[in-house]
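Given below, in the form of structure tokens, are the structures.
Both of the next two complexes hold chain A, though its partner changes from chain B to chain C.
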Partner chain A sequence: MEENKNKNNEHQEHISSYKEHFGTWSALILLTLMTVLVSVFGADLRTLSVATAMIIATVKVLAVGYYFMHLKYEPKIYRTLIIIVMALFVFFLVMVILDYLTR
Partner chain B sequence: MTAAALPENNFFNAKKGIMSWLFTLDHKRIGLLYLYAILSFFLVGVVLGFLMRLELLNPGQDIMKPHTYNQVFTLHGVIMIFLFIIPSIPAIFGNFFLPLHLGTDDVAFPKLNLLSFWLYVLGALFALATLVFGDGPADTGWTFYAPYSVKTGTNVTMSVLAAFILGFSSILTGLNFIVTIHRLRTPGMGFNQMPLFAWSLYATSWIQLLATPVVGITLLMIIAERVFGIGLFDPSIGGDPILYQHLFWIYSHPAVYIMALPAMGLVSEIIPTFAQRTIFGYKAIAYSSMAIAFVGYFVWGHHMFTSGMSGTAGFIFSILTFFVAIPTSVKVFNWVATLYKGSINIEIPLLYMMAFIFNFLIGGLTGLANAALAADVHLHDTYFVVGHFHYVMFGGTGFAMFGALHYWFPKIWGRMYNKARANVAFALLFFGFNMLYFPMLILGIMGMPRRYYDYLPEFHGLNQIATVGSWILVSGLILMLANLLIGLKKGKIASANPWNGITLEWQTSSPPPLHNFDKLPELNEGGPYNYPDAKKA
Partner chain C sequence: MNQSFVLPNSGHTFDPKSSKLGMWLFLYTEILLFGGLFLVYMVYRSLNPDAFLLASFKLNVWMGTVNTIILLTSSMTVAMSITALQKGDKKMAMNLLWLTLLAALAFLVIKYFEWGAKFEHGYFPGMDHYDAMPVGEKLYFYLYFFMTGLHGLHVIVGGIFIWVVIAKIKSGKVHKDRISLHENAGLYWHLVDLIWIYLFPLFYLIH
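Let's look at the complex of A and B:
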């Protein structure tokens, strides 16, 4: 948000509505249920069911960060930082797996 | 203006009693607590190094058994890395001077800061406790490589826990500095008006925050494997030892920039003062710190060229490593360009900074030799590596830290040490250092392996030179510390700004008052190092 950019670093308070909090919470519960269902009924999908679980988890992380941790209100720089951190983490995994697969 | 007495209100006499130190929330006092603690552990590490050099004076067993030697170099490494060089500059000078540089009265989270200090002490106690508990200190090397670290009978669990706890201390310090830099800059100070030391701490803090958790988890995995026999790293129970090395170096390579970047910040800070001239290429230096921190995450594999990592990965990591040289050279170029045509005032802090540049150049260039895949196959695990990292960490960061101690001594204690004695100490340190470590580079190229208590007869001569070098170095250290201790008690009262420095810490009295500034400090027009023309002449 624009007003957060001011030089004196005044902290801006934000109050999110109950609706938003509750909506996010319900979505998280639903997604958790989905993870359980996929692992119970989709067990024979093997890799695919793991991938589904990971994708659902990622969506949950994003929701928590965006709504509960107020990334929504923060200046862009914080979102950029989080993306850099995630990219780093992916790089770690990719390089380690690359070494393993080409050994 | 030379005052005859110390200012009446300073952070030393603001509160009295031992408790006012142990539980202080003042960033300056916490910085000093770190100083005393870190220097004490440094001395323990020096004694261990000195003993190893004595053992290596002659071939064969002299003063310790092979097993003891293995424990000694491990403890020496653990102490020097986790207790000395990683915390040193950020925890001591970062704590003391970051708020002063930003023109504010403390770090963002003073209580967290105190917690970091006590975690540091706790971790240090764990490291030292390995001396008396269990089967003695670990004998794995400071890297705790699996599967040996899972199998050895020595007290690896405790050493690893020590490193784990110290990691937390480091993370919290990093977090504190990041928030402080984002939130507490004095009104009107944008990122590009910050002193370069603050920039380097900013880059460093991001490494502490993002990389340290990786080693924390990895060390816990070692404990899990030792205690519960989970097969993570030990191939005999289904683990992958190279996975350990990946995880360990994902932290520990960026960690070498935790050691190097703050030192580079000090050089960028101190050179303009003694050249009485604006730093050359402010933005290039500031952003190259960020670039080094960033690129530093992508190069860890260069420690594993000979470990059985795949050729493809080795090739990629070798190329990536060369990229770090670019921002590093940018800095060296800018330092030299700052000195060029400056009105240079050769004082002791500047000597240490020039020693940094000299030693770090040797350390950095030998690093490139290690980074070259083909050369490293020969050099890996030889004394060349031991020489290389001592040049970077000790000759570089260690010397920069000593220089900072001499630079800010009058600000911290309000007194001046004896300069003649400080010069002699510097000469001994510089000469002794190079005499101790340069022969190691040659020994390594000749093929002498590291981490052995013994060597072949053809290596005798150079080893003797190195050991004599360690004696000179240690005499220099003793003289330097003694001189500073005497100066602290009896030194002449120094003025508030003896070096004619221009960053904000020089605007307040020495020692500074509890809340740092009696009135809001004034920012320089046109950047933190913008010396007015009059002073240039």
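Let's look at the complex of A and C:
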């Protein structure tokens, strides 16, 4: 019984520190300013800046998910499900692209 | 050997794990809802790249940037308020949630002025300027109003959710050991932030 209790306690919620949240926020703000600057002052790099903006946005989304939404400390099932949802979205994306390329 | 056996969850109706997983399942459907809209955006932008570029100049990049910073900051305060309640600091948790609510309000006020300016110029579907636009710019503004409008609706719902959590923390129904509702409100608010992270570069930063 005692052992069982300890096992349960191991799965207790992780408490993120204020410092960690502040660090994540700083990174997010920095990335935002970067996208704005790349976009406003990088007008010659048009096609590049679309890709750059999307990559930076994805990094920001991962940071929010991982640290703010606690995905880093959740059981694996949450990350597995996210990968399934993302795979589904990529599948839709590929189907739409194929559709428009073959018209 | 007298082994006692307790059924999981017997005697009470509180199940934080299922509660959180349920919230996440809902968030997955939200991702696919907005995902579909982003696909529509991708198709029409690739068909009308120049019109989308021209139309995007009519948005105010700085208002969009300020709104992005507001949402990111509110995401931090809501995450911090969960940390505060987990540590048992009820007052701090409530103050941080009020700050989040204030940010939600600021976001909506800025959005109101942005939309107001577009209405004044007649860019809303059905208005005179809109009707005179080439088809690509029409599609851009149609998607702009629909996607930021749906996102704005999520901001309002998220704000109400957070307000309910504040009231429940105050009345003691949500506390250190029963934090699920608070966490779920936080998750919803982060989703609102996530969607905006993509909306912002796609509508404001086509240069």
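The definition used in the following text is that the second predicted complex is superposed on the first by the 92 of 103 C-alpha atoms of A that agree within 3 Å, B and C clash if a C-alpha of one lies under 4 Å from a C-alpha of the other, contacts with A are read in each partner's own complex, and residues count from 1 in each chain.
We take it that contacts are C-beta pairs under 8 Å (C-beta built on N, C-alpha and C of every residue); 3 or more make two chains touch, one makes a residue touch a chain.
Quick caveat: nothing in here was measured; it's all calculated off a predicted structure.
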item: Partner chain in contact with A:T102 - chain B first, chain C second, else both or neither; value: first
item: Chain B or chain C, by number of chain A residues touched; value: C
item: First (chain B), second (chain C), both or neither touched by A:S39; value: second
item: Chain B versus chain C as contact partner of A:K60, first or second or both or neither; value: second
item: First (chain B), second (chain C), both or neither touched by A:F22; value: second
item: Touching partner for A:V85 - first (chain B), second (chain C), both, neither; value: both
item: Intersection of chain A interface sets (partners chain B, chain C); value: 85, 88, 92, 96, 100
item: Touch list for chain B against partner chain A, complex; value: 182-185, 187-188, 190, 210, 214, 240, 242-243, 246, 250, 297-298, 301, 308-313, 316-317
item: Chain A residues within the chain C interface of the complex; value: 1, 13, 15-18, 21-22, 24-25, 28-29, 32, 35-36, 39-40, 42-43, 46, 49-50, 53-54, 56-57, 60-61, 64-65, 67-69, 74, 77-78, 81-82, 85, 88-89, 92-93, 96, 100
item: Parts of chain C lying in touch with chain A, wherever the complex brings them together; value: 3-4, 20-21, 24-25, 28, 31-32, 35-36, 39, 42-43, 46, 61, 65, 68-69, 72-73, 75-76, 78-80, 82-83, 86-87, 179, 186-187, 190, 193-194, 197-198, 200-202, 205-207
item: For the chain A and chain B complex, residues of the former touching the latter; value: 7-9, 85, 88, 91-92, 95-96, 98-103
